[in-house]
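Quick one: structure below, then a few questions.
Order of writing sets the labels: A, B, C and D. Residues in every chain begin at 1.
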Amino acid sequence: MAKRKICVVVTARPSYSRIRTALTAITNHPDLELQLVVAASALLDRYGKVSEHIKQEGFHINAQVYMVVEGENLVTSAKTTGVGLMELATVFDNLAPDIVVTIADRHETIATAIAAAFMNIPLAHVQGGEVTGSIDEKVRHAVTKLADYHLVATQRAAERVIRMGEDPASVFVTGCPSIDIAAQVLDEPDLTINPFEKYGGVGAEVNISNGYLVVMQHPVTTEYDRARKHVTETLHAVRDTGLPTLWFWPNVDAGSDGTSKGIRSFRELEQPANIHFFKNIPPEDFLRLIYHSRALIGNSSVAIRECSYLGIPAVNIGSRQLGRERGPNVVDVDYDRERIMQAIQTQVEAPRPEKVTLYGDGHAGERIAQTLADIPLKFTKRLTY
Amino acid sequence: MAKRKICVVVTARPSYSRIRTALTAITNHPDLELQLVVAASALLDRYGKVSEHIKQEGFHINAQVYMVVEGENLVTSAKTTGVGLMELATVFDNLAPDIVVTIADRHETIATAIAAAFMNIPLAHVQGGEVTGSIDEKVRHAVTKLADYHLVATQRAAERVIRMGEDPASVFVTGCPSIDIAAQVLDEPDLTINPFEKYGGVGAEVNISNGYLVVMQHPVTTEYDRARKHVTETLHAVRDTGLPTLWFWPNVDAGSDGTSKGIRSFRELEQPANIHFFKNIPPEDFLRLIYHSRALIGNSSVAIRECSYLGIPAVNIGSRQLGRERGPNVVDVDYDRERIMQAIQTQVEAPRPEKVTLYGDGHAGERIAQTLADIPLKFTKRLTY
Amino acid sequence: MAKRKICVVVTARPSYSRIRTALTAITNHPDLELQLVVAASALLDRYGKVSEHIKQEGFHINAQVYMVVEGENLVTSAKTTGVGLMELATVFDNLAPDIVVTIADRHETIATAIAAAFMNIPLAHVQGGEVTGSIDEKVRHAVTKLADYHLVATQRAAERVIRMGEDPASVFVTGCPSIDIAAQVLDEPDLTINPFEKYGGVGAEVNISNGYLVVMQHPVTTEYDRARKHVTETLHAVRDTGLPTLWFWPNVDAGSDGTSKGIRSFRELEQPANIHFFKNIPPEDFLRLIYHSRALIGNSSVAIRECSYLGIPAVNIGSRQLGRERGPNVVDVDYDRERIMQAIQTQVEAPRPEKVTLYGDGHAGERIAQTLADIPLKFTKRLTY
Amino acid sequence: MAKRKICVVVTARPSYSRIRTALTAITNHPDLELQLVVAASALLDRYGKVSEHIKQEGFHINAQVYMVVEGENLVTSAKTTGVGLMELATVFDNLAPDIVVTIADRHETIATAIAAAFMNIPLAHVQGGEVTGSIDEKVRHAVTKLADYHLVATQRAAERVIRMGEDPASVFVTGCPSIDIAAQVLDEPDLTINPFEKYGGVGAEVNISNGYLVVMQHPVTTEYDRARKHVTETLHAVRDTGLPTLWFWPNVDAGSDGTSKGIRSFRELEQPANIHFFKNIPPEDFLRLIYHSRALIGNSSVAIRECSYLGIPAVNIGSRQLGRERGPNVVDVDYDRERIMQAIQTQVEAPRPEKVTLYGDGHAGERIAQTLADIPLKFTKRLTY
């Protein structure tokens, strides 16, 4: 019997992290054949060119699609998605997959979802049913309504997807594959790398041997023009703690220009002595750095997901993760340098939080692959009420 | 105070019929300014070039966008939507509307929805919350998840939208503007035109003075390759009734080629003596012709909506309207020439069904305009559960 | 040594006819590997879906790209080319060819040329240097300026390309591959098929046993709105001759709607008893039908090219072939039913014209393949003056 | 009589400089109406957002079109042009210009040319007929073959255009509008600004009171991967002269990433004490800074054009300007730090070169406007041989 062709579209570095163990499990599954499409910011130098990394990890890329329309504003987010939709339709027409997999909720992922839905290809959505702020909220639930299968991270997410009118038989709680990597990191937790040597970066070379912070702050698209102001608050707070800090550059997004500009301007003017800035690095090293840190600061979902599993204190700033389920490791705080600094102090001084499996137990990738092998190949559905 | 700029995107003839009284009401509203964008099949000769009709009715078209990628298959449905998304983003960027209005659930309407949602323009969706078959089902509910405001036709639709997690304060039961036109037709019901003279068409010139059928059958996109077979069943059934019949050509859609081919082939081979074929005609004349007919046959939503208001018997064939609320005028039947013929006989012989206001009372256009003038200009939301 | 990857982009039925023997020769060449991309109207039902025909002839299609934006007007010609350019860039990025081959001068071929030129892939242009009317004239010479190699049909064409500033070392007189097929037809000239049985078509079933005409008339894009009027003149002339006629449907083009409408309307109203209408048929059968005809009428380049080789009288109507080199078989005439009819009479009664090798000797395909194997892989050039 | 609508498409900062005086002359002409479309890198922050500058100078922008597909490589150059072609067709369809004007030879300008040519809108090309290196060479001459009118800068250029087969009656020697600005600068040559105060920039704040160099070096697209190496040679040479230097950042182009990276890396590692880096600044200030400099270094066409008129020594590096006519002010040199340094020394020590009007006399803008008012509105042509 021919293997099922599973086409996974990766459009950004974080999406890759969140699907990688599933890619491996699909590759290894006797009944599945992986078709990997890499597109959008995953191809771009400015965002760490994760396509190269994907190849180095041994995956074959079936097609790559440049689709990011430059401008980093709201108009170009829409146009990027339009270009992607046009081209992914052609890619799917030529690859003829049995199932398409789309990941999470970045704006351009809806292009994958529409192309598959319109072409009567069964669509599996990984990581639906969560609640957050920003445009991601609209995209995520719209993709749920386009998808035939829902491979969700948590029980709560499954409940929400079903309440939105999806057939319970189409919803599977697999856990999040990003936790699989966290689980691997917990198995081999030693920090064997020197991040400055391995990844370069710019700014002060800080001493991380006595504890340090990790920061990752993304722009929030519905708060476009405030992105610069917001990141500046965090920069001041982190600088003022005086704690050695590894700061990781944000993703491509409407507004990333505001965030990037805020960071660049702060660096030029303030030359913070305790902060070193990095571009993206592979998730294992990133998670090991976090695992050995005193806290993760910013608005990355890593604070909510992986850090709950790893038991790492997190200071979550602003609205981006609003509504997402939290473990006991997270303290929320508004865009305010004073409060951010206080929250950092609190988290750094508190005892390590408990490890919880809210977002998965480390076997999500395998569960996703097996589900993709088992589900019927259907592409019609109807609201359940 | 500057008027609110309300940008309505019309992508097909039926969408125009379903929004026209709202366009008039927006134009006449003291606080609103209409920006009209005409796109997709609404510009094409093959589908009756409704753009010309729109101009003749006195509306100014602010921008027109050719976006239909030819092929009439599932690949090109997706690509059409991609082209539309790219270009509508540019159009919105140049027109700078305060609110964008998208209509119903044709595949390419999701391009309007995404462009507005991604550009932080409040999005109002007309005719969400209904349930049907085909890809429209996915598109309609995905647009609901992208929209900030829901101007729905029925109470049931409002309930569904709210159950999907939308804020009840964002849901308005306006009725369907298509019923407004039906109400106008009921006010002046006389059939003053001769359809053969006014609209030409091809095939037998049938005698309609003693009662006749009207047929409109669209392809169903998730049943692409069966479109030709399905229409052939209806053609045989209608031919075999021997009743004089006015048959209206379907819309652009993946599969319309199958339907069109089925019709062309039947005409060449069978030369049915009781059927005359028309392209699209304006809704008033169409509704008057239906009002004087003995029944509407096919899978058009007009059978469900306008005919419930007008009290006209309808034979609804197949899955396209599955799940939509029905008045007492509808008989459902499968794609089977025998059963279709029997259902036609039954409907033609039964007493006229009661008129009901399930889909509106004739004031939807005004309610939509007033709602657009009243709502706050917000573009963020969150699942209510 | 790895074979050179030769990527040929076929966007229409006539382009396929004009390159087919070269495709075979590339496939058979020990140093070359064929990458075949099929796009635009070559994928569409309405134009005979030549992609199916290509597969039946044993070629493997590496990628297919739907790109025709519907409307058949001048706006959509441009948009079609834009869609093609976007997508062909992705296709070339994924196929990584050593040389791209573009054929002739249809509007959308400039998309192939630009994608290759911008991506530093050596570009070979088949059939440059000719002179005609219509937008093709601009496209053809623009493609010459984008191309690195010029595989031209005639000595005159070579001279023109060189006069335009191209390096003589980059210009090769190969002859036109369409003549290769004509040469094969001359080797086996018997008409073994019944066109009505094999290809169906519509209209009167005419008796072709005592001589007949063949007609093929395309719209001329710079005379868009006159296309309908022009074809009507030809229809009248051909009808009035009373000669049995096989009429072949035109290509997709801005204006084809005018031509198509003219034909459809004439058929409905006049029901000409001596004309049978066909869609596209494979070139061998087409050429054999022409070879046994009394004359080819219309504005097809087949009249100029293949018919000069086959020695078939041709009546060339209007501006479309203006400037193209002619053999002794062609009579030119304006869009005027009287003159067209007279020219047909003259050609039908005159003795068969001499066969000439103006456009090739039947070995163009092999010469093109060998040239593609021999040329250096360069992609920079400079005006020679 | 209705004014002629002249639609000018500006896609980059340098194109704006080269057309600005013509825009003013069109605006002021009694028979002309300007329609201004701003697109591509002219909208982008990273390239100085010239659209803002255009508005500040009092021009009304009729439409703006984001079209740059990110990646800065050869694939995305092609895709950018494809997006532009699609969207400019829609823009022209909605603006309905009488003449479209396209400027020079950047890759994306061919989108403007094709859209106009395919839509039967007379196309005027400014700055054809020149000869240079890089992909611009192919684009420039291809645009010539698409254009109906040629408004060229020099007599030599006119001759070349005619030799390429264009009708001499369609060729006008207007001079280059960039010289108009240089002429205005010569009228008011005083350097009244402090560039560091007015434009910020990064790097050493150098003392420019005793003479200084200006550098502008663009990547060369057919030498994509060497862009970084090339700019590094220039950086070393300029650093090693020890002369105070104002370095201006390059344009968006395939390869600009290489150039940008080279500059960023050199800055980080070498921290050159004599170089200050700027983004784009308005042409008047730029030309005044050049006018007071000791030499212009790099591969900008300003060295060839404006500097010949201003009589400023220039060191032109590499192949980008190869073939362009030169005045006595230019010394050419290869990508080699030693030779570049020697050429700078030579130029700095030599007497000021003579001013020449090779590229215009300062009235090009007016001549262009008058020509656009006078020419017949034709859009067909034919090779003259």
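The criterion applied here is as follows: a residue touches a chain if its C-beta (ideal position, glycine included) is under 8 Å from a C-beta of that chain, and two chains touch if they have at least 3 such contacts.
The model shown is predicted, which means the values in this text are computed figures rather than measured ones.
Distance between Cα centroids is largest for the pairing of subunit A with C.
Counting C-beta pairs in contact, the pair that comes out ahead of the other among A-C and A-D is A-D. Between the Cα centres of subunit A and subunit D there is a gap of 41 Å. Chain centres here are Cα averages; for subunit A and subunit C they lie 51 Å apart. Multi-chain contact residues, meaning those touching two or more other chains, occur in subunit C at positions 66, 75-76, 79, 83, 86-87, 89-90, 93. On subunit B, the positions that touch subunit C within their shared complex are 43-46, 66-73, 75-76, 79, 83, 202, 257, 268. Touching subunit D in their complex are the following residues of subunit B: 63-66, 83, 86-87, 89-91, 93-94. Looking at the complex, you find that subunit C touches subunit D at residues 74-79, 81-90, 92-93, 107, 110-111, 114-115, 117-120, 131, 133-135, 137-139, 141-146, 160, 163-165, 221-222, 224, 254, 322-323, 379-383, 385.
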